[in-house]
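Two complexes follow with chain A in common, the first pairing it with chain B and the second with chain C.
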Partner chain A sequence: MKRSLLDILCCPVCKGDLALDVLKEDETGIIEGTLTCTRCSVAYPISDGIPDLLPRTESHH
Partner chain B sequence: MKKIPLSVIFDPDQVYQPETDTYLLLDVALKEFRSGDRILEIGTGSGYIAAGIMGLIQSQLEGNDESSFVVGTDINPHAVRCAREKGVEVVRTRLFDGLRGSFDLIVFNPPYLPTLDEEKIDDWLEYALDGGPDGRAVLSRFAKEVGMVLAPGGRVLLLISSLTGEEAVIENFTKLSYKVEIVTKRRVFDEELIVLRIRKNESFN
Partner chain C sequence: MNAKRRVFEDFAGDYDHWFDDHAKVYNAQLRLLGRALPSTGHGLEIGVGSGRFAAPLGIRCGTDPSFPLAEMAKRRGVEVTIGTGEHLPYRSGSFDYVVMMTVICFLDDMAKVFREGFRVLVPSGIIMLGFIVRDGEIFRHYSAEPEKGRFLRHARFHSSEEVIQKIHEAGFSGVEVTTREHGFCILTGKKEDFPRPMSTNSF
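Then we have the complex of A and B:
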(Lines of atoms letter the chains of each structure in order from A and count residues from 1; the text may use other names and numbers.)
(Lines give C-alpha, C1' and ligand atoms only; values in the text may rest on other atoms or scores of the structure.)
Protein backbone atom coordinates (compact mmCIF):
# COMPACT_ATOMS: atom_id res chain seq x y z
CA MET A 1 0.00 0.00 0.00
CA LYS A 2 1.09 3.53 -0.67
CA ARG A 3 1.68 5.72 2.36
CA SER A 4 -0.91 8.17 1.04
CA LEU A 5 -3.58 5.48 1.51
CA LEU A 6 -3.32 6.03 5.27
CA ASP A 7 -5.37 9.23 4.89
CA ILE A 8 -8.48 7.26 3.93
CA LEU A 9 -8.11 4.38 6.40
CA CYS A 10 -9.47 4.12 9.91
CA CYS A 11 -10.18 1.51 12.55
CA PRO A 12 -13.08 -0.62 11.28
CA VAL A 13 -14.51 -0.90 14.79
CA CYS A 14 -14.21 2.55 16.40
CA LYS A 15 -13.26 4.67 13.32
CA GLY A 16 -10.19 5.90 15.20
CA ASP A 17 -6.96 7.07 13.56
CA LEU A 18 -4.44 4.42 12.65
CA ALA A 19 -0.72 4.63 13.45
CA LEU A 20 1.57 3.07 10.89
CA ASP A 21 4.54 0.83 11.66
CA VAL A 22 6.54 -0.26 8.65
CA LEU A 23 8.45 -3.53 8.61
CA LYS A 24 9.16 -3.71 4.89
CA GLU A 25 8.81 -1.13 2.17
CA ASP A 26 9.83 -0.99 -1.48
CA GLU A 27 9.23 1.32 -4.46
CA THR A 28 5.58 0.20 -4.68
CA GLY A 29 4.88 1.15 -1.08
CA ILE A 30 4.54 -0.62 2.24
CA ILE A 31 4.72 -4.40 1.93
CA GLU A 32 4.66 -5.52 5.55
CA GLY A 33 3.65 -3.58 8.61
CA THR A 34 1.01 -2.83 11.17
CA LEU A 35 -1.77 -0.31 11.53
CA THR A 36 -2.64 0.27 15.15
CA CYS A 37 -5.74 2.09 16.26
CA THR A 38 -4.74 5.05 18.40
CA ARG A 39 -8.08 4.89 20.20
CA CYS A 40 -8.80 1.21 20.87
CA SER A 41 -5.21 -0.06 20.40
CA VAL A 42 -6.16 -2.96 18.13
CA ALA A 43 -3.43 -3.80 15.61
CA TYR A 44 -4.26 -4.63 12.00
CA PRO A 45 -1.68 -6.28 9.75
CA ILE A 46 -0.43 -5.09 6.40
CA SER A 47 0.80 -8.13 4.53
CA ASP A 48 1.93 -8.38 0.94
CA GLY A 49 0.95 -4.75 0.53
CA ILE A 50 -2.64 -5.28 1.63
CA PRO A 51 -3.98 -3.73 4.83
CA ASP A 52 -6.40 -6.13 6.51
CA LEU A 53 -9.02 -4.03 8.26
CA LEU A 54 -11.35 -6.76 9.41
CA PRO A 55 -12.25 -6.70 13.11
CA ARG A 56 -9.76 -8.94 14.87
CA THR A 57 -12.39 -10.55 17.04
CA GLU A 58 -14.18 -12.20 14.13
CA SER A 59 -12.70 -15.32 12.64
CA HIS A 60 -11.92 -14.88 8.98
CA HIS A 61 -9.50 -17.07 7.12
CA MET B 1 9.25 -23.25 6.88
CA LYS B 2 10.00 -20.88 4.04
CA LYS B 3 7.44 -18.15 3.78
CA ILE B 4 5.83 -18.01 0.35
CA PRO B 5 4.64 -14.54 -0.68
CA LEU B 6 0.91 -14.57 -0.02
CA SER B 7 0.23 -12.22 -2.90
CA VAL B 8 0.74 -15.04 -5.36
CA ILE B 9 -1.50 -17.45 -3.49
CA PHE B 10 -5.11 -16.94 -4.29
CA ASP B 11 -7.70 -19.25 -5.68
CA PRO B 12 -9.26 -17.77 -8.85
CA ASP B 13 -12.26 -20.03 -8.30
CA GLN B 14 -12.94 -18.03 -5.12
CA VAL B 15 -12.97 -14.71 -6.99
CA TYR B 16 -15.87 -13.41 -9.09
CA GLN B 17 -14.44 -13.17 -12.59
CA PRO B 18 -15.52 -10.42 -15.03
CA GLU B 19 -18.95 -11.04 -16.55
CA THR B 20 -21.42 -8.94 -18.55
CA ASP B 21 -22.30 -6.93 -15.43
CA THR B 22 -18.63 -6.12 -14.85
CA TYR B 23 -18.11 -4.90 -18.42
CA LEU B 24 -21.29 -2.84 -18.34
CA LEU B 25 -20.36 -1.12 -15.08
CA LEU B 26 -16.81 -0.41 -16.30
CA ASP B 27 -18.19 1.18 -19.51
CA VAL B 28 -20.36 3.50 -17.45
CA ALA B 29 -17.58 4.27 -14.96
CA LEU B 30 -15.15 5.24 -17.73
CA LYS B 31 -17.69 7.71 -19.11
CA GLU B 32 -18.48 9.03 -15.64
CA PHE B 33 -14.85 9.63 -14.68
CA ARG B 34 -13.72 13.21 -14.35
CA SER B 35 -10.16 14.35 -13.89
CA GLY B 36 -9.36 14.75 -10.22
CA ASP B 37 -11.90 12.18 -9.07
CA ARG B 38 -10.99 10.23 -5.97
CA ILE B 39 -12.48 6.84 -6.74
CA LEU B 40 -13.50 3.99 -4.49
CA GLU B 41 -14.63 0.63 -5.75
CA ILE B 42 -16.42 -1.38 -3.09
CA GLY B 43 -16.21 -5.15 -3.59
CA THR B 44 -13.60 -4.89 -6.30
CA GLY B 45 -13.44 -8.67 -6.78
CA SER B 46 -10.95 -9.48 -9.53
CA GLY B 47 -10.07 -5.77 -9.72
CA TYR B 48 -11.14 -5.58 -13.35
CA ILE B 49 -13.13 -2.35 -13.00
CA ALA B 50 -10.65 -0.58 -10.72
CA ALA B 51 -7.77 -1.52 -13.02
CA GLY B 52 -9.78 -0.36 -16.04
CA ILE B 53 -10.33 3.06 -14.48
CA MET B 54 -6.65 3.26 -13.52
CA GLY B 55 -5.78 2.54 -17.13
CA LEU B 56 -7.90 5.48 -18.25
CA ILE B 57 -6.33 7.81 -15.70
CA GLN B 58 -2.84 6.78 -16.80
CA SER B 59 -3.35 6.74 -20.57
CA GLN B 60 -5.86 9.45 -21.40
CA LEU B 61 -4.39 11.95 -19.04
CA GLU B 62 -0.82 10.88 -19.71
CA GLY B 63 -0.01 10.66 -16.04
CA ASN B 64 -0.53 14.39 -15.49
CA ASP B 65 -3.52 13.74 -13.33
CA GLU B 66 -1.84 13.63 -9.97
CA SER B 67 -4.93 14.07 -7.88
CA SER B 68 -7.01 11.16 -9.23
CA PHE B 69 -6.66 7.82 -7.55
CA VAL B 70 -8.49 4.52 -7.32
CA VAL B 71 -8.85 2.32 -4.24
CA GLY B 72 -10.57 -1.03 -4.22
CA THR B 73 -11.93 -2.95 -1.25
CA ASP B 74 -13.11 -6.48 -0.74
CA ILE B 75 -13.79 -8.73 2.21
CA ASN B 76 -12.56 -11.75 0.25
CA PRO B 77 -8.83 -12.44 0.79
CA HIS B 78 -8.54 -14.08 -2.63
CA ALA B 79 -10.16 -11.08 -4.31
CA VAL B 80 -7.89 -8.47 -2.73
CA ARG B 81 -4.83 -10.46 -3.83
CA CYS B 82 -6.23 -10.90 -7.33
CA ALA B 83 -6.92 -7.16 -7.61
CA ARG B 84 -3.50 -6.28 -6.22
CA GLU B 85 -1.87 -8.42 -8.90
CA LYS B 86 -3.56 -6.08 -11.39
CA GLY B 87 -1.86 -3.15 -9.66
CA VAL B 88 -4.93 -1.96 -7.76
CA GLU B 89 -4.44 -0.36 -4.34
CA VAL B 90 -6.62 -2.57 -2.17
CA VAL B 91 -7.91 -2.71 1.36
CA ARG B 92 -9.46 -5.78 2.89
CA THR B 93 -12.53 -4.62 4.75
CA ARG B 94 -16.29 -5.02 4.89
CA LEU B 95 -18.04 -2.30 2.87
CA PHE B 96 -16.98 1.04 4.41
CA ASP B 97 -15.79 -0.28 7.79
CA GLY B 98 -12.09 0.61 7.56
CA LEU B 99 -12.56 3.69 5.38
CA ARG B 100 -12.98 7.39 5.87
CA GLY B 101 -13.80 9.92 3.19
CA SER B 102 -14.06 11.38 1.02
CA PHE B 103 -14.57 10.04 -2.49
CA ASP B 104 -15.97 11.73 -5.60
CA LEU B 105 -16.93 8.54 -7.38
CA ILE B 106 -17.94 5.28 -5.69
CA VAL B 107 -18.51 2.21 -7.84
CA PHE B 108 -20.23 -0.94 -6.59
CA ASN B 109 -21.25 -4.15 -8.29
CA PRO B 110 -22.92 -5.65 -5.24
CA PRO B 111 -23.96 -9.18 -4.41
CA TYR B 112 -27.55 -8.92 -5.56
CA LEU B 113 -28.85 -12.43 -6.08
CA PRO B 114 -31.76 -13.36 -3.83
CA THR B 115 -30.34 -16.24 -1.80
CA LEU B 116 -32.08 -18.40 0.77
CA ASP B 117 -30.22 -19.93 3.69
CA GLU B 118 -30.47 -23.41 2.18
CA GLU B 119 -28.95 -22.11 -1.06
CA LYS B 120 -25.83 -20.78 0.62
CA ILE B 121 -22.58 -22.34 -0.55
CA ASP B 122 -20.37 -21.11 2.32
CA ASP B 123 -17.28 -20.09 0.41
CA TRP B 124 -15.68 -16.75 -0.46
CA LEU B 125 -17.52 -16.48 -3.76
CA GLU B 126 -20.71 -16.34 -1.73
CA TYR B 127 -19.79 -12.77 -0.70
CA ALA B 128 -19.80 -11.76 -4.37
CA LEU B 129 -23.23 -13.19 -5.07
CA ASP B 130 -25.42 -13.57 -2.01
CA GLY B 131 -27.78 -10.64 -1.55
CA GLY B 132 -29.79 -12.29 1.21
CA PRO B 133 -33.39 -13.50 0.86
CA ASP B 134 -34.53 -10.43 -1.16
CA GLY B 135 -31.20 -9.72 -2.89
CA ARG B 136 -30.93 -6.36 -1.13
CA ALA B 137 -29.28 -7.19 2.21
CA VAL B 138 -25.85 -5.80 1.35
CA LEU B 139 -27.37 -2.96 -0.69
CA SER B 140 -29.39 -1.75 2.30
CA ARG B 141 -26.27 -1.53 4.42
CA PHE B 142 -24.40 0.16 1.58
CA ALA B 143 -27.20 2.74 1.23
CA LYS B 144 -27.09 3.53 4.96
CA GLU B 145 -23.30 3.92 5.09
CA VAL B 146 -22.25 5.42 1.74
CA GLY B 147 -23.01 8.96 2.88
CA MET B 148 -20.13 8.80 5.37
CA VAL B 149 -17.51 8.73 2.62
CA LEU B 150 -19.24 10.38 -0.36
CA ALA B 151 -17.84 13.85 -1.10
CA PRO B 152 -20.24 16.77 -1.63
CA GLY B 153 -21.29 16.54 -5.26
CA GLY B 154 -20.02 12.96 -5.40
CA ARG B 155 -21.62 10.23 -7.48
CA VAL B 156 -22.27 6.55 -6.86
CA LEU B 157 -22.52 4.09 -9.74
CA LEU B 158 -24.42 1.02 -8.69
CA LEU B 159 -25.17 -2.05 -10.74
CA ILE B 160 -28.32 -3.94 -9.95
CA SER B 161 -30.45 -6.54 -11.67
CA SER B 162 -34.15 -6.89 -12.30
CA LEU B 163 -33.81 -9.89 -9.95
CA THR B 164 -32.89 -7.47 -7.16
CA GLY B 165 -36.03 -5.37 -7.58
CA GLU B 166 -35.24 -2.11 -9.32
CA GLU B 167 -38.08 -0.13 -7.72
CA ALA B 168 -37.26 -1.30 -4.21
CA VAL B 169 -33.59 -0.39 -4.57
CA ILE B 170 -34.41 3.07 -5.92
CA GLU B 171 -36.93 3.62 -3.13
CA ASN B 172 -34.35 2.59 -0.56
CA PHE B 173 -32.01 5.37 -1.72
CA THR B 174 -34.65 8.05 -2.29
CA LYS B 175 -35.95 7.47 1.26
CA LEU B 176 -32.45 8.32 2.46
CA SER B 177 -32.76 11.54 0.40
CA TYR B 178 -30.57 10.52 -2.51
CA LYS B 179 -31.33 11.38 -6.11
CA VAL B 180 -31.33 8.28 -8.33
CA GLU B 181 -31.08 8.18 -12.13
CA ILE B 182 -31.04 5.18 -14.43
CA VAL B 183 -27.92 5.44 -16.60
CA THR B 184 -28.36 2.34 -18.73
CA LYS B 185 -30.11 -1.00 -18.95
CA ARG B 186 -29.05 -4.18 -20.69
CA ARG B 187 -30.99 -7.41 -21.06
CA VAL B 188 -28.98 -10.56 -20.43
CA PHE B 189 -30.96 -13.77 -20.83
CA ASP B 190 -33.76 -13.70 -18.26
CA GLU B 191 -32.55 -10.71 -16.29
CA GLU B 192 -32.01 -7.06 -16.97
CA LEU B 193 -28.89 -5.32 -15.71
CA ILE B 194 -29.36 -1.74 -14.60
CA VAL B 195 -26.75 0.88 -13.72
CA LEU B 196 -27.91 3.61 -11.36
CA ARG B 197 -26.25 6.96 -10.73
CA ILE B 198 -26.92 8.06 -7.17
CA ARG B 199 -26.19 11.48 -5.77
CA LYS B 200 -26.88 13.30 -2.55
CA ASN B 201 -29.92 15.45 -2.95
CA GLU B 202 -28.03 18.68 -2.23
CA SER B 203 -31.20 20.75 -1.96
CA PHE B 204 -32.58 18.50 0.76
CA ASN B 205 -32.04 19.65 4.32
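Then we have the complex of A and C:
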Protein backbone atom coordinates (compact mmCIF):
# COMPACT_ATOMS: atom_id res chain seq x y z
CA MET A 1 0.00 0.00 0.00
CA LYS A 2 1.08 3.53 -0.60
CA ARG A 3 1.86 5.55 2.51
CA SER A 4 -0.58 8.21 1.38
CA LEU A 5 -3.45 5.71 1.72
CA LEU A 6 -3.02 6.00 5.49
CA ASP A 7 -4.49 9.51 5.27
CA ILE A 8 -7.93 8.07 4.56
CA LEU A 9 -7.80 4.76 6.46
CA CYS A 10 -9.33 4.20 9.89
CA CYS A 11 -10.30 1.35 12.16
CA PRO A 12 -13.22 -0.45 10.47
CA VAL A 13 -15.08 -0.76 13.78
CA CYS A 14 -14.47 2.23 16.07
CA LYS A 15 -13.24 4.50 13.22
CA GLY A 16 -10.19 5.48 15.28
CA ASP A 17 -6.89 6.59 13.75
CA LEU A 18 -4.40 3.91 12.72
CA ALA A 19 -0.72 3.91 13.67
CA LEU A 20 1.57 2.45 11.02
CA ASP A 21 4.45 0.07 11.82
CA VAL A 22 6.48 -0.85 8.74
CA LEU A 23 8.37 -4.15 8.50
CA LYS A 24 9.15 -4.09 4.78
CA GLU A 25 8.86 -1.33 2.22
CA ASP A 26 10.06 -0.90 -1.36
CA GLU A 27 9.58 1.59 -4.17
CA THR A 28 5.97 0.43 -4.70
CA GLY A 29 4.97 1.09 -1.09
CA ILE A 30 4.58 -0.78 2.20
CA ILE A 31 4.77 -4.54 1.70
CA GLU A 32 4.60 -5.89 5.26
CA GLY A 33 3.60 -4.15 8.45
CA THR A 34 0.87 -3.47 10.95
CA LEU A 35 -1.84 -0.86 11.37
CA THR A 36 -2.87 -0.50 15.02
CA CYS A 37 -5.95 1.38 16.10
CA THR A 38 -4.99 4.13 18.52
CA ARG A 39 -8.44 3.98 20.10
CA CYS A 40 -9.36 0.29 20.47
CA SER A 41 -5.79 -1.10 20.10
CA VAL A 42 -6.74 -3.77 17.56
CA ALA A 43 -3.84 -4.58 15.19
CA TYR A 44 -4.44 -5.13 11.48
CA PRO A 45 -1.71 -6.75 9.37
CA ILE A 46 -0.40 -5.53 6.02
CA SER A 47 0.63 -8.55 3.93
CA ASP A 48 1.88 -8.55 0.34
CA GLY A 49 1.13 -4.84 0.20
CA ILE A 50 -2.53 -5.21 1.15
CA PRO A 51 -3.91 -4.04 4.52
CA ASP A 52 -6.30 -6.56 6.06
CA LEU A 53 -8.92 -4.40 7.73
CA LEU A 54 -11.58 -6.98 8.40
CA PRO A 55 -13.13 -6.65 11.88
CA ARG A 56 -11.11 -8.86 14.20
CA THR A 57 -13.01 -9.77 17.33
CA GLU A 58 -16.49 -11.13 17.98
CA SER A 59 -17.45 -7.80 19.52
CA HIS A 60 -16.39 -6.19 16.26
CA HIS A 61 -19.19 -7.95 14.46
CA MET B 1 -15.38 -18.01 7.32
CA ASN B 2 -18.90 -18.58 6.01
CA ALA B 3 -19.73 -20.43 2.80
CA LYS B 4 -20.34 -17.24 0.85
CA ARG B 5 -16.93 -15.80 1.77
CA ARG B 6 -15.23 -19.11 1.10
CA VAL B 7 -16.51 -19.47 -2.46
CA PHE B 8 -14.92 -16.13 -3.40
CA GLU B 9 -11.65 -17.30 -1.81
CA ASP B 10 -11.60 -20.82 -3.27
CA PHE B 11 -12.87 -19.96 -6.75
CA ALA B 12 -11.37 -16.50 -7.21
CA GLY B 13 -9.80 -17.56 -10.52
CA ASP B 14 -13.13 -18.81 -11.86
CA TYR B 15 -14.77 -15.58 -10.80
CA ASP B 16 -12.16 -13.55 -12.65
CA HIS B 17 -12.26 -15.71 -15.80
CA TRP B 18 -16.00 -15.20 -16.07
CA PHE B 19 -15.33 -11.69 -17.39
CA ASP B 20 -13.17 -13.06 -20.20
CA ASP B 21 -15.66 -15.80 -21.01
CA HIS B 22 -18.53 -13.29 -21.13
CA ALA B 23 -16.71 -10.38 -22.74
CA LYS B 24 -19.80 -9.05 -24.51
CA VAL B 25 -21.84 -8.73 -21.31
CA TYR B 26 -18.83 -7.44 -19.37
CA ASN B 27 -18.01 -4.77 -21.93
CA ALA B 28 -21.64 -3.68 -22.09
CA GLN B 29 -21.72 -3.28 -18.29
CA LEU B 30 -18.42 -1.37 -18.40
CA ARG B 31 -19.84 1.03 -20.97
CA LEU B 32 -23.02 1.61 -18.98
CA LEU B 33 -21.15 2.19 -15.75
CA GLY B 34 -18.56 4.40 -17.42
CA ARG B 35 -21.30 6.62 -18.85
CA ALA B 36 -22.83 7.09 -15.41
CA LEU B 37 -19.59 7.67 -13.47
CA PRO B 38 -18.44 11.15 -12.47
CA SER B 39 -15.60 12.25 -14.75
CA THR B 40 -13.50 13.65 -11.90
CA GLY B 41 -12.82 12.98 -8.23
CA HIS B 42 -11.64 10.09 -6.07
CA GLY B 43 -13.67 6.92 -6.09
CA LEU B 44 -14.09 3.81 -3.98
CA GLU B 45 -15.50 0.53 -5.19
CA ILE B 46 -17.08 -1.53 -2.41
CA GLY B 47 -16.76 -5.21 -3.31
CA VAL B 48 -14.04 -4.43 -5.83
CA GLY B 49 -13.45 -8.11 -6.57
CA SER B 50 -10.58 -8.62 -8.99
CA GLY B 51 -10.72 -5.01 -10.17
CA ARG B 52 -12.50 -5.74 -13.42
CA PHE B 53 -14.52 -2.54 -13.14
CA ALA B 54 -12.34 -0.31 -10.95
CA ALA B 55 -9.17 -0.67 -13.04
CA PRO B 56 -10.52 0.19 -16.51
CA LEU B 57 -12.81 2.89 -15.11
CA GLY B 58 -10.06 4.63 -13.12
CA ILE B 59 -11.59 4.02 -9.69
CA ARG B 60 -8.52 4.40 -7.48
CA CYS B 61 -9.54 2.57 -4.30
CA GLY B 62 -11.36 -0.65 -3.61
CA THR B 63 -12.19 -2.93 -0.72
CA ASP B 64 -13.17 -6.59 -0.74
CA PRO B 65 -13.26 -9.36 1.88
CA SER B 66 -11.53 -11.85 -0.46
CA PHE B 67 -7.72 -11.77 -0.30
CA PRO B 68 -7.13 -13.57 -3.64
CA LEU B 69 -9.54 -11.23 -5.43
CA ALA B 70 -7.98 -8.17 -3.78
CA GLU B 71 -4.55 -9.38 -4.91
CA MET B 72 -5.80 -9.47 -8.50
CA ALA B 73 -7.26 -5.97 -8.15
CA LYS B 74 -3.94 -4.74 -6.78
CA ARG B 75 -2.11 -6.24 -9.75
CA ARG B 76 -4.52 -4.29 -11.97
CA GLY B 77 -3.46 -1.07 -10.23
CA VAL B 78 -6.24 -0.57 -7.69
CA GLU B 79 -5.23 0.58 -4.18
CA VAL B 80 -7.02 -2.15 -2.25
CA THR B 81 -7.88 -3.09 1.31
CA ILE B 82 -9.34 -6.29 2.68
CA GLY B 83 -12.59 -5.15 4.22
CA THR B 84 -16.35 -5.33 4.27
CA GLY B 85 -18.93 -2.79 3.22
CA GLU B 86 -20.62 -3.06 6.60
CA HIS B 87 -17.40 -1.89 8.32
CA LEU B 88 -15.62 0.35 5.84
CA PRO B 89 -12.03 1.09 6.91
CA TYR B 90 -12.07 4.64 5.54
CA ARG B 91 -12.45 7.99 7.24
CA SER B 92 -15.64 9.96 6.82
CA GLY B 93 -15.72 12.22 3.78
CA SER B 94 -12.85 10.52 1.95
CA PHE B 95 -14.41 9.96 -1.48
CA ASP B 96 -16.22 11.88 -4.17
CA TYR B 97 -18.05 8.79 -5.36
CA VAL B 98 -18.70 5.22 -4.27
CA VAL B 99 -19.45 2.40 -6.69
CA MET B 100 -21.00 -1.00 -6.02
CA MET B 101 -21.17 -3.21 -9.09
CA THR B 102 -23.17 -6.45 -8.89
CA VAL B 103 -22.38 -6.70 -5.19
CA ILE B 104 -25.47 -5.78 -3.21
CA CYS B 105 -26.88 -9.28 -3.74
CA PHE B 106 -23.97 -10.66 -1.67
CA LEU B 107 -24.19 -8.24 1.25
CA ASP B 108 -25.02 -9.38 4.76
CA ASP B 109 -26.63 -6.04 5.61
CA MET B 110 -27.42 -3.85 2.60
CA ALA B 111 -28.82 -0.97 4.69
CA LYS B 112 -25.67 -0.81 6.83
CA VAL B 113 -23.43 -0.78 3.75
CA PHE B 114 -25.42 2.10 2.28
CA ARG B 115 -25.04 4.03 5.55
CA GLU B 116 -21.29 3.38 5.49
CA GLY B 117 -21.17 4.48 1.85
CA PHE B 118 -22.95 7.68 2.84
CA ARG B 119 -20.45 8.27 5.66
CA VAL B 120 -17.30 7.98 3.52
CA LEU B 121 -18.62 10.34 0.84
CA VAL B 122 -17.93 14.05 0.76
CA PRO B 123 -20.98 16.31 0.83
CA SER B 124 -22.52 16.23 -2.66
CA GLY B 125 -20.80 12.88 -3.22
CA ILE B 126 -22.42 10.26 -5.43
CA ILE B 127 -23.23 6.61 -4.83
CA MET B 128 -23.66 4.41 -7.88
CA LEU B 129 -25.12 0.92 -7.83
CA GLY B 130 -25.24 -1.64 -10.60
CA PHE B 131 -27.29 -4.71 -9.76
CA ILE B 132 -29.16 -7.65 -11.18
CA VAL B 133 -32.85 -7.18 -10.51
CA ARG B 134 -34.71 -9.99 -8.80
CA ASP B 135 -36.59 -12.16 -11.29
CA GLY B 136 -35.24 -10.19 -14.25
CA GLU B 137 -33.93 -11.57 -17.54
CA ILE B 138 -30.22 -11.62 -16.56
CA PHE B 139 -30.98 -13.23 -13.20
CA ARG B 140 -32.79 -16.09 -14.93
CA HIS B 141 -30.05 -16.48 -17.56
CA TYR B 142 -27.09 -16.49 -15.13
CA SER B 143 -28.80 -18.79 -12.68
CA ALA B 144 -28.82 -21.50 -15.34
CA GLU B 145 -25.01 -21.34 -15.82
CA PRO B 146 -22.97 -23.75 -13.68
CA GLU B 147 -20.02 -21.39 -13.18
CA LYS B 148 -22.02 -18.31 -12.29
CA GLY B 149 -24.42 -20.43 -10.28
CA ARG B 150 -21.56 -21.29 -7.91
CA PHE B 151 -21.50 -17.66 -6.83
CA LEU B 152 -25.07 -16.63 -7.41
CA ARG B 153 -26.47 -19.37 -5.25
CA HIS B 154 -25.15 -17.34 -2.33
CA ALA B 155 -26.89 -14.23 -3.59
CA ARG B 156 -30.08 -12.60 -2.40
CA PHE B 157 -31.59 -10.46 -5.12
CA HIS B 158 -33.61 -7.34 -4.65
CA SER B 159 -36.18 -5.41 -6.62
CA SER B 160 -35.17 -1.92 -7.77
CA GLU B 161 -37.94 -0.50 -5.56
CA GLU B 162 -36.46 -2.20 -2.51
CA VAL B 163 -32.97 -0.88 -3.30
CA ILE B 164 -34.26 2.65 -3.89
CA GLN B 165 -36.06 2.60 -0.55
CA LYS B 166 -32.91 1.48 1.30
CA ILE B 167 -30.82 4.13 -0.47
CA HIS B 168 -33.27 6.81 0.65
CA GLU B 169 -33.26 5.47 4.20
CA ALA B 170 -29.44 5.73 4.27
CA GLY B 171 -29.77 9.47 3.64
CA PHE B 172 -29.31 9.76 -0.11
CA SER B 173 -31.49 11.98 -2.24
CA GLY B 174 -31.90 12.65 -5.94
CA VAL B 175 -32.02 8.92 -6.60
CA GLU B 176 -32.08 8.34 -10.33
CA VAL B 177 -32.24 5.14 -12.39
CA THR B 178 -29.81 5.71 -15.26
CA THR B 179 -30.13 2.23 -16.81
CA ARG B 180 -32.72 -0.50 -16.66
CA GLU B 181 -32.02 -3.10 -19.35
CA HIS B 182 -32.64 -6.85 -19.45
CA GLY B 183 -33.01 -7.04 -15.70
CA PHE B 184 -29.86 -5.02 -14.97
CA CYS B 185 -30.25 -1.69 -13.20
CA ILE B 186 -27.83 1.18 -12.58
CA LEU B 187 -28.91 3.90 -10.21
CA THR B 188 -27.28 6.88 -8.57
CA GLY B 189 -27.96 8.80 -5.38
CA LYS B 190 -26.49 11.96 -3.95
CA LYS B 191 -25.32 12.87 -0.46
CA GLU B 192 -27.02 16.24 -0.33
CA ASP B 193 -25.32 18.76 1.87
CA PHE B 194 -23.88 22.19 1.69
CA PRO B 195 -21.82 22.19 -1.52
CA ARG B 196 -18.08 21.92 -0.86
CA PRO B 197 -15.09 21.42 -3.16
CA MET B 198 -14.05 17.96 -4.30
CA SER B 199 -11.79 16.04 -1.92
CA THR B 200 -8.13 16.93 -2.09
CA ASN B 201 -6.70 13.50 -1.31
CA SER B 202 -3.57 13.05 -3.37
CA PHE B 203 -3.01 9.29 -3.05
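Observations on the structure shown:
Criterion: the second predicted complex is superposed on the first by the 57 of 61 C-alpha atoms of A that agree within 3 Å, B and C clash if a C-alpha of one lies under 4 Å from a C-alpha of the other, contacts with A are read in each partner's own complex, and residues count from 1 in each chain.
As a convention for this text, a residue touches a chain if its C-beta (ideal position, glycine included) is under 8 Å from a C-beta of that chain, and two chains touch if they have at least 3 such contacts.
Predicted model, so just to flag it, every value in this text is computed and none were measured.
Annotation: superposed three-chain arrangement on chain A; chain B versus chain C shows a clash. Of the two partner chains placed by the overlay, chain B and chain C both lie in contact with A:Cys10. When the two complexes are overlaid on their common chain A, residue A:Met1 makes contact with chain B and with chain C alike.
By the touch criterion stated above, A:Gly33 is placed in contact with neither chain B nor chain C. When the two structures are aligned on the shared chain, A:Asp48 is found in touch with chain B and with chain C. Shared interface residues of chain A, touching chain B in one complex and chain C in the other, are 1-2, 4-5, 8-13, 15, 44, 48-55, 60.
Per the touch definition, chain C reaches chain A in the complex via residues 61, 63, 65, 67, 70-71, 74, 79-84, 87-92, 94-95, 201-203. The part of chain B that touches chain A in the complex is made up of residues 5-7, 69, 71, 75, 77, 80-81, 84, 89-94, 97-101, 103. Interface residues of chain A facing chain B in the complex, by the touch rule stated above, are 1-2, 4-5, 8-13, 15, 44, 47-55, 60-61.
Residues of chain A touching chain C in their complex: 1-2, 4-5, 7-13, 15, 44, 48-55, 60.
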